[in-house]
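Pasting the structures here.
Here come two complexes built around subunit A, the first alongside subunit B, the second alongside subunit C.
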Partner chain A sequence: MLNAIILFILSGLVMGTPLLIMSMGGVITERSGTLNLGLEGTMLTGAFFSYYFAITTGSVWLGLLGGIAGGLVIALFHGIAMIYWNTNQVVTAVAINMAALGITNTLMGKFSMTTSAGNNISPGFEPLFKINLGEAIIGVNWFFILALIMIPLTWFVIQKTTIGLAIRAVGEYPTAAATMGIRVRRVRMLCFLYSGAIAALAGAALTIGDVRVFVNNMTAGKGFIAFACIVFGRYTAMGTAFGALVFGISEAFRNYIQIFAWSIPGGYMTSIMIPYIITLLLLIFSKQGNAPKAWAIPYEGDDN
Partner chain B sequence: METVLKVENLSKIFPKVVANDNVSFDLKKGEIVAILGENGAGKSTLMNCLYGIYHPTKGDIYIKGEKVKLTKIEDAEALGIGMVHQHFMLVEDLTVAENIILGRKTGITPYLDLKKVEKAVKELSDRYNFGLNPKSKIKDLSVGTRQRVEILKMLYRNADILILDEATAVLTPQETVELFKTLKHFVDEGKSILMITHKLEEVMELADRVVVLIDGKMAGSVNRVDTNPRQLANMMVGRDVLMDFDIKPVVHDNLILQVKNLTVKNNHGLEKIKNLSFEIKQGEILGVAGVDGNGQAELAEALTGLMKIDKGEIVIGEKVFTHLKPKMIYEQGMSHIPQDRHERGLVLDMTVNENLALEGISHVPFSYNGIIDFKYIKSHGKAMIKDYNIKCYDGSCPTKELSGGNQQKVIVAREIDRKPNIIIAVQPTRGLDIGATEFVRNKLLEEKERGAAVLLISTELEEILMVSNRIAVIHEGEFMGVIDNKNVDILELGLMMTGMRGDKDEK
Partner chain C sequence: MKNRENIIAPIFGLVVGILVSSLLLIMWGSSPLKAFEGLYIGSFGTLGAISNTLIKAIPLIIGGLAVIISYKSGIFNVGVEGQLFFGAMGGAVIATLPMFQDLPPFISIPLSIVVAMMFGAILGFIPGYLKAYRGINEVVVTMLLNYIIIFFLSQQVQPGGFLHEPGVTANQSAYIHEGMKLPLLFSGVLTKVHIGLIIAIVLVVIVWFVMSRSSIGFKMKAIGLNPKAAQYAGMNMNFIQTNVMIVSGAMAGLAGAIELLGYHYRLVENFSLGIGYNAIAVALLANLSPIGVVLSAIFFGALQAGSITMQIVADVPESFTKLVQGIVVFFVIAGAVLPKIINKKLTMNRLAKEALEANQLEEGQEDA
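Let's look at the complex of A and B:
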């Protein structure tokens, strides 16, 4: 029994690695008062470009850099529009996500025509070690380690540094922060770029860190789930991590159902939906709130 | 004496407004200069130029003899300028220490050494007898304490030119006395102070010199010893302001508002209003005096449906309510001038016209069957702006571009204009210039004579004495007594405010 629980938690963590990484980046943006619904598109972009550059350069590390660069470009456009031009934050994110989906689809289409079948597997990060749990063997790569480090690190940055203090202030009452000499838009933009880079890195964890291929729309809503985790986690690093872990575990649970062909009502369709249903239930029944007061409200002040 | 600050021919022009027009004045070491002017005269704009928030369109600023260009707040801070803004600039969810260190580092690394800050803040607070706990969250602090945090923010940054933009507007008289002691102490230490206020007696008590602005222009600069409140008012408004009101006796017998055994608890479950009962007749003003934080806010919020009623009932006319919602309030003909104009009263991003129409928007004549009559909203706005002397280029001006006092006028205009049966007015003249203050007090009296029942909650005893028929003193959620304004004894009122029960209680 104990073994089974450890198995679930561990495989949940591993399954949830990209989500964990991304939501740790996202929570920083949300705390600075910007609504980031563009994580999905940024992650997808990161997934594609890391895959693409890993194949074309033959190096996973260059692939990773390429992926992050791709994510940064997307985040740059998205952030400038929202933070400097005060566009509607929901509409802008929808546009960004659609663009990312379209661009990666098209580029992938072109790219697969130039490569022969069999050559479309990219280099990838090897597992650092494997955990043998009897029924299954779980490979652990450094993305997983990174995810684990990011949880306390994010908490530390938000709560224990002057940078975190500025981020919190800008999210709560930007005008007051501005009177203390803080450049509101600059802080928000840097947070946004950071979470963009991190989302792209999480995307790389899906491709070069895991399956080594790119599939259209392979992020499958993870960006939105990350957002849900942040809301569920009441905009704290720890709460968000907990949300991501629950999602990861329910994904692991789904895989077990599929692998071991456990019979459940509704069969395959239900099993696919399990993680999403659990997330939804969590969101519905959890105590929500605690959003930064200036959350999703564009800053109208003068600074630059 | 050394001149620490000098302004020469400063102008600040916003796209549609000339806020400052060729202003020149100076401030010497150890001196207090008061800036006077009507709402919208350009006082805050001028101060914001000195603090690097706005950039003057024209003119020069000299600090300690050097010509300077203040492009950002840090420039001003580095030169020793500190500012307390007209509205609190404190992040409510953060602690005192966090608010003070915001924007600064505590060492070479980004690590936030809160212990160190807390210690320094405590020392500074003790030095000036501020009695602050660096660990308290701002949201748990009273208004007076928050003001002390604002001042400490300046001191922590070693400011020696202090700008106070209506720092006393939100303070109780007791808190003002404390603040003035501190300010005098600062001056003795060699700091210099620029202060904006609408209260002439404060100017007479504290200032060495007075600079008067009219419509952005310098109207003059006088030494305190050469002037008097009457002359200052005249310089500012161009006429005598008398503040002499005639309180007509109550002629009706019917009760418009009855509060029976009202109990209200706050978020923490503390009873802020304890079993309170009172009534207001048609054509009567009941003034509620008391030290801030004794349940005034909760009383007003419970009566206007913004806070849940725990026990008791509220009778409006004949109708009995045990719970109220803001929408019902409007339907019952109740008006509310809230304590915090930004949090409750206005949508700052909307235009003046829209804010003036805000509450009536789903009713005739603002809209018919759900279709908004924009033409009416525009003409209504125009009339209100004229009647209430709201200073803006026109009704399409975003409310956030209005000066603080003019924002307050928008609320007062909207709430009084609809001919309400009941008016709940909390600090209705806060931030208004003396002319506007007189106007609003007159309006309240007019409304009462028309037949409205008015509950006037104010920490300014003077205001209450000027217009109320009866005066209640609130202390820790209870009335210490209700006295007829004809036989008040100020001393007794003062004692009641500290929690002594009055013997002249009518019931």
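Let's look at the complex of A and C:
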């Protein structure tokens, strides 16, 4: 029984790996006072380009780099508009997600016009070890290790370092931070680019780190779920990680239903809906608040 | 002045967006001229194409209005997609289930539409209430609901679902009852344009009137522009925002019913995928003007209607139109703020120059 529980949590962590990685990046942006609802599009872009470059160059590492570069380009446009031009942060994110969906769909369409169906499996990262569930085996690769390292690391950076202090300062009192000589926009932009790169990395974990193919809109709302985890975790690294773990477990539950052919009302489709429903319920019944004071408020002051 | 800015941003967005997407096409080795030629042929080239464009524009107009009223009230309904799907399911309960097949069409059509609007309203209420009374970000809630509802619809048209057509293996609902199709407008001439177009236009006028000529519209805009000031002025912000979301959801549900009764005639998985998100693009390109929505919906309707011809003529994937859409919207948003930023930079430069000159003048006087 204890074994089963450990396996359950472990497979939850494994299933939640991309989400964990992404939300650890996202929490940094939110703490710096920028609303980042564009994680979805950035992750999708990262997922596509890592797949695309891995399959065209034949190297997973080049694929990973390409994916991160793609995510950075999207985050660059998004960040410049929001942070330097003070556009509405919600609307800009919606546009960015739309554009990312369009870019990846179009490129994938062009790509599959030229590739035969048998050749569309990209190289991927080999599993470091495997979890045996009896009926099925889950492979675990270094993305999982990375996610585990990122949780304490993100907490440490935010809470215990000078960089973290600057991040928190521009998120809570940007004007005061500017008086102290911190360049508010630059700090926010760097945080934003960081979370863009991390979201793209998480996208790579979906394609070259897991299924090795790209499917249109394959992120399926993970960016929004990551954001929900951050809100649920009250904008702290540890709380967010806990939220991501809960989501991972609910995804693992879905896999259990498929693997062991458990019968539930509504069948397989219900199990697909469960993670979204659980996220929504978590969001509704968690305690709200604790957002950084200048969160989602564009910085109006001057700095260079 | 305000009117000029209202037009500059969309035009800037359109021009730059089309230029950037053309550049991307050239980078990928396709000809943008050919692609846009294909788009034009598929959307305005023939009477049938124009009809297609208009049919695609109808739900976009209604959905765009739903986005506008929410956005102007300071709450952003990104959930038109889910509300439209849920509304269509509600409409399908009346339109496809056998127990309602004996109703005469003049009862069943309005009933189906009303039920659809109620379903949409319920789904709009959830994020509205959570935002207004619990402070939960409405974008996340509506996005999560979108995913849940789209899966829910798939589940219910699959074998075992309550909307599934009995005795068929395909994932679909039954065909709508005899006589429940929305009447066509010009039979024979513009082939398939249905009465939904009239409904959409009437709605445009109503929304325009409410937003610009009524006190409730004034309150909504006041809340959207400055929530704190509006609350000090005694407006019940939470109550108004929740109700706006209910109305917005009902409008999305109406769009769903019109899609069902006017165009698709049965529910299938993903039957109108993307309309809700396109409606956001429509509202933003229209710069949130109810009248502008008609033009912008026709533009996006044309993009959709022409996408298949474009794929055939220019060998560009259909989804290229999504890319154009996203990039256009991005630059519309940027276009709305860039003039201010440039203006500010110019003013700063002028001030700096003046200060410098004044300084030099003073120094000159001291020297003398």
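Heads up, the rule we're going with is that the second predicted complex is superposed on the first by the 300 of 304 C-alpha atoms of A that agree within 3 Å, B and C clash if a C-alpha of one lies under 4 Å from a C-alpha of the other, contacts with A are read in each partner's own complex, and residues count from 1 in each chain.
Heads up, the rule we're going with is that a residue touches a chain if its C-beta (ideal position, glycine included) is under 8 Å from a C-beta of that chain, and two chains touch if they have at least 3 such contacts.
Quick caveat: nothing in here was measured; it's all calculated off a predicted structure.
Chemist: Using the superposition on chain A described above, determine whether A:Ile5 touches subunit B (first), subunit C (second), both, or neither.
Modeler: Touch status of A:Ile5: no partner.
Chemist: Which partner chains sit in contact with A:Thr106 here, subunit B, subunit C, both or neither? Use first/second/both/neither.
Modeler: So A:Thr106 only meets subunit C here.
Chemist: With both complexes superposed on chain A, which partner does A:Ala228 reach: first (subunit B), second (subunit C), both or neither?
Modeler: Once the two structures are laid over each other on A, A:Ala228 reaches subunit C alone.
Chemist: Tell me the contact category for A:Gly164 with respect to subunit B and subunit C: first, second, both or neither.
Modeler: The answer is first: A:Gly164 touches subunit B but not subunit C.
Chemist: Is A:Met180 contacted by the first partner subunit B, the second partner subunit C, both or neither?
Modeler: So A:Met180 only meets subunit B here.
Chemist: Going by the contact rule set out at the top, does A:Thr270 touch subunit B (first), subunit C (second), both, or neither?
Modeler: After superposition on chain A, A:Thr270 lies in contact with subunit C alone.
Chemist: Would you sort A:Leu37 into first (subunit B), second (subunit C), both or neither based on which partner it touches?
Modeler: Second partner only, subunit C.
Chemist: Look at the residues of subunit A and decide whether subunit B or subunit C touches more of them.
Modeler: On the superposition, C touches more of the residues of subunit A.
Chemist: Now for A:Ile96: first (subunit B), second (subunit C), both, or neither, which partner does it touch?
Modeler: The answer is second: A:Ile96 touches subunit C but not subunit B.
Chemist: Identify the residues of subunit A that lie in both the subunit B contact region and the subunit C contact region.
Modeler: Overlap of subunit B and subunit C footprints on subunit A: empty.
Chemist: For the complex, give me every residue of subunit B touching subunit A.
Modeler: 53-54, 72-74, 77, 83, 85, 88-94, 98, 101-106, 110-112, 153, 349, 400
Chemist: Residues of subunit A touching subunit B in their complex?
Modeler: Spelled out, the residues of subunit A in touch with subunit B are 160-166, 168-169, 172-173, 175-182, 293, 300, 302-303.
Chemist: Flag every residue of subunit A that touches subunit C in the complex, lowest number first.
Modeler: 37, 77, 81, 85-88, 90-103, 105-110, 113, 216, 220-221, 224-225, 227-228, 231, 266-267, 269-270, 272-273, 276-277, 279-280, 283-284, 288-289
Chemist: Applying the document's contact rule, which stretches of subunit C touch subunit A when the two form their complex?
Modeler: Counting only subunit C, the residues touching subunit A are 24, 28, 76, 78, 130, 134-137, 139-141, 143-148, 151-152, 154-155, 158, 160, 277, 280-281, 284, 315-327, 329-330, 333-334, 336-338, 341.
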